[in-house]
Amino acid sequence: MSDASERLRRPAWLRIWGAALVPLFLVGAWLGLVWSPPDVNQGNLIRIMYAHVSVAWIGFVAVALTAFFGALFLWRSRRRDDVLAVASAEMALLFSSLTIIGGMTYSRPTLNTFWTWDAKLTLTALMVALLVGYFIVRALIDDPVRRGRVSAVVAIVVATSLPFNYLAAEWFRTLHPSRAIALDGSGVTMAPEMLATLLFNTVVAGLVYGWFLVDRARLGRIEAQLETERAERELATPSAGGVVRV
Amino acid sequence: MEAESAIALRGLVRGYGRRAVLKRLDLEVTPGKVVALFGANGAGKTTLLRLLATRLRPSDGTASVFGHDVVRAGHEVRKRIATLAVFGGAYATLTAREHLRLDAALRERTALDPDDLLARVGLADSADALVRTYSSGMRKRLGLARLLAAGADLWLLDEPHAALDEAGQDLLDQLVREARARGVTVLMATHERSRSRRLADAALLLVDGRLQRSDGVPERA
Amino acid sequence: MNDLLAVLWIARKDLLHETRSKATTVATLFFSALTLVVLAFAIGQDERLLQDAASGALWVALAFAGVISAAQSYQADLEDGAFDQLLTTPVPRAAVYLGKLLANWLFMLVLGVMLLPVTLVLYGASLPASWPWLIATLALGTLGFALIAVFYAGLTANLRARESLLPVLMFPVVVPILLAAVRASGALIAADDLELAAGWLRLLVGFDLVYAVLCTAIYHFVVEE
């Protein structure tokens, strides 16, 4: 019993990391909402950008890392790589969903519509669809090894498709320049305070992602260990006794 | 020093936890033996055959064929084996002759004369008919012809007697004996106990995911 | 050399299957032609609108037929364990993929060339002077589509719910292909604008190259169990 709770305990460094996220988040929010100046053109609306863009960037990193951990799993067949891949995919889905909500919040007051075929927003919507496919495939396969291998293949195809999807969405937009607006602030003159705020918030988002990834992977590892132990117990029942030779 | 085993299993597991189909199998099969594999439906006979044919990955442990690991050296294993599927493993929209030519191309072998082979298994008259017009026994006979054409060192047969008529079963037994004479190793999953016991050098029994020798089989030299 | 031969043999096997199961193949052809008609009805009488929609409708019809034919090519494999047996021969998995790809691509390309005049008539457009580029767009677009379709159809072939899973998995991946193909053929049909089409064609070439290499390299993970 104590063994189990010992296993479930977060190591000290992980607890410190987690606790540090709260003040960091508050500082980021303060920088974005109070410290940074309003934008010349967009006024206070620009403040949505700090949360929106930082989350979007980390979402893309998370997809790339899902494919990376998937490839590692295919290469070395270690259970922990699959656990990291799925943890990263979960965070990618969360972050890209937040990105879409952020994008819609942003486009409602600026364009008077919730949805715009902005390149990055379209890309993020596709990314959500691709990630949903990844999770459906995982749900359909019972054997943990096969589940990990097949979904790793899907993750690699998905990550490869993102640059093409980006290019297509970007070029698609240029045919309707009147409806387009850059949601990443690239069309905006960035004051140094604004850039600093954006970078700080991106680092915080990255630390949130990293913390959840490490913690989820830790739980996944324990889960895998318990499964393996149970499987071993079930296999260990009466041994046939030595090698059968014919 | 003995020659390397035709089949070697070490702690082989396939499946996971309670649903494991094969549970820690250890086996050595000497080259040139004909081995019958018995077991109830769902005992894991087909799983073991597909695993040796490199179609399934072991969940744990290793399996090797003539010293080649089925996972790491799958291609080498595939060069040495030939399989016979329960339902014959043929494409419904190809003819018998097309199957033999397809196999020859994929195995990079100069085709044995298809007419001879098909005559041998009693399909001479149907050589150019689509497989979808065949009966299940004829499909099995086509499987036998492809087996002969493969020139493999290990035959993996999944219920070879099933669907064949009396003459077909005699033909199969005859082909297996000839193969043994050439030094081919044969592993066949089967429910035909009496025929197989006359044919095989040894018999194995799969019960509850574990292997044991099946008694009452005369050991030949 | 021998691997190339294996590719051709596997393609031949799949194409023979297409021509010998006439009922299924004809149904697929008819279905895609019907898609064109239904879309034309939905768009209505406006001539300008119809002309603009021509390339989009053509690619929607092609995409539907492509998904069906990719899924069916594995259906034939799975009957009686024929694919299983094929994969126990020492043929490289890459050759199996490329063979099935070749057959599927040819099927889609022939279908595209057949649907093109139908589309032009139904949607009141005319064949542009730069029509060879239109054929090139068809070739590159169907290749990109077939690359993903054959790959994912292999992956879903022995999963539950494969009929609905295949489009769900593959459509978000082929969005750039469809978009680029629609834009390029649209630029050619509507405006005979080769310059505008060229940019999209480059995207098609890039997509085809990257996925041809990637899918061929990792296909063996798809067919293992």
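First chain written, first letter: the chains are A, B and C, and each begins at residue 1.
One rule holds in what follows: contacts are C-beta pairs under 8 Å (C-beta built on N, C-alpha and C of every residue); 3 or more make two chains touch, one makes a residue touch a chain.
The structure presented is a predicted model; accordingly, all values stated were derived computationally and were not measured.
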Quiz item: Chain adjacency by touch: line, ring, star, complete or other shape?
Solution: complete
Quiz prompt | Between A-B and B-C, the pair joined by more C-beta contacts | solution = B-C
Quiz item: Based on the averaged CA atom positions, which chain is farthest from chain B?
Solution: A
Self-check item: Innermost chain by mean C-alpha position
Solution: C
Quiz item: Once you find the CA centre of chain A and the CA centre of chain C, what distance in Å lies between them?
Solution: 32
Quiz prompt | Between chain C and chain B, distance of the C-alpha-averaged centres to the nearest whole Å | solution = 37
Quiz item: Cα centroid separation between chain A and chain B, in whole Å?
Solution: 47
Quiz item: Multi-chain contacts in chain B: which residues touch at least two other chains?
Solution: 57
Practice problem: Enumerate the residues of chain A that touch no fewer than two other chains. | Solution: 146
Quiz item: Which positions in chain C touch two or more other chains at once?
Solution: 224-225
Self-check item: Residue numbers on chain B that touch chain A, as the complex places them
Solution: 13, 15-20, 23-30, 33, 35, 57, 59, 201-202, 204, 210-213
Self-check item: Touching residues (chain side chain C, partner chain A) in the complex
Solution: 148, 151-152, 155, 159-161, 165, 168-169, 171-173, 175-176, 179-180, 183, 199-200, 203, 206-207, 210-211, 214-215, 218, 221-222, 224-225
Quiz item: Which positions of chain B touch chain C when the two form their complex?
Solution: 50, 53-57, 75, 78-79, 81-83, 85-94, 98, 102-103, 105-108, 130, 139, 146, 150, 156
Quiz item: Which of the residues in chain A end up touching chain B in this complex?
Solution: 142-146, 227, 230-231, 234-235, 239-240, 242-246
Practice problem: Under the touch definition given earlier, write down the residues of chain C that touch chain B in their complex. | Solution: 2, 5-6, 9-10, 13, 16-17, 20-21, 76-77, 79-82, 84-92, 224-225
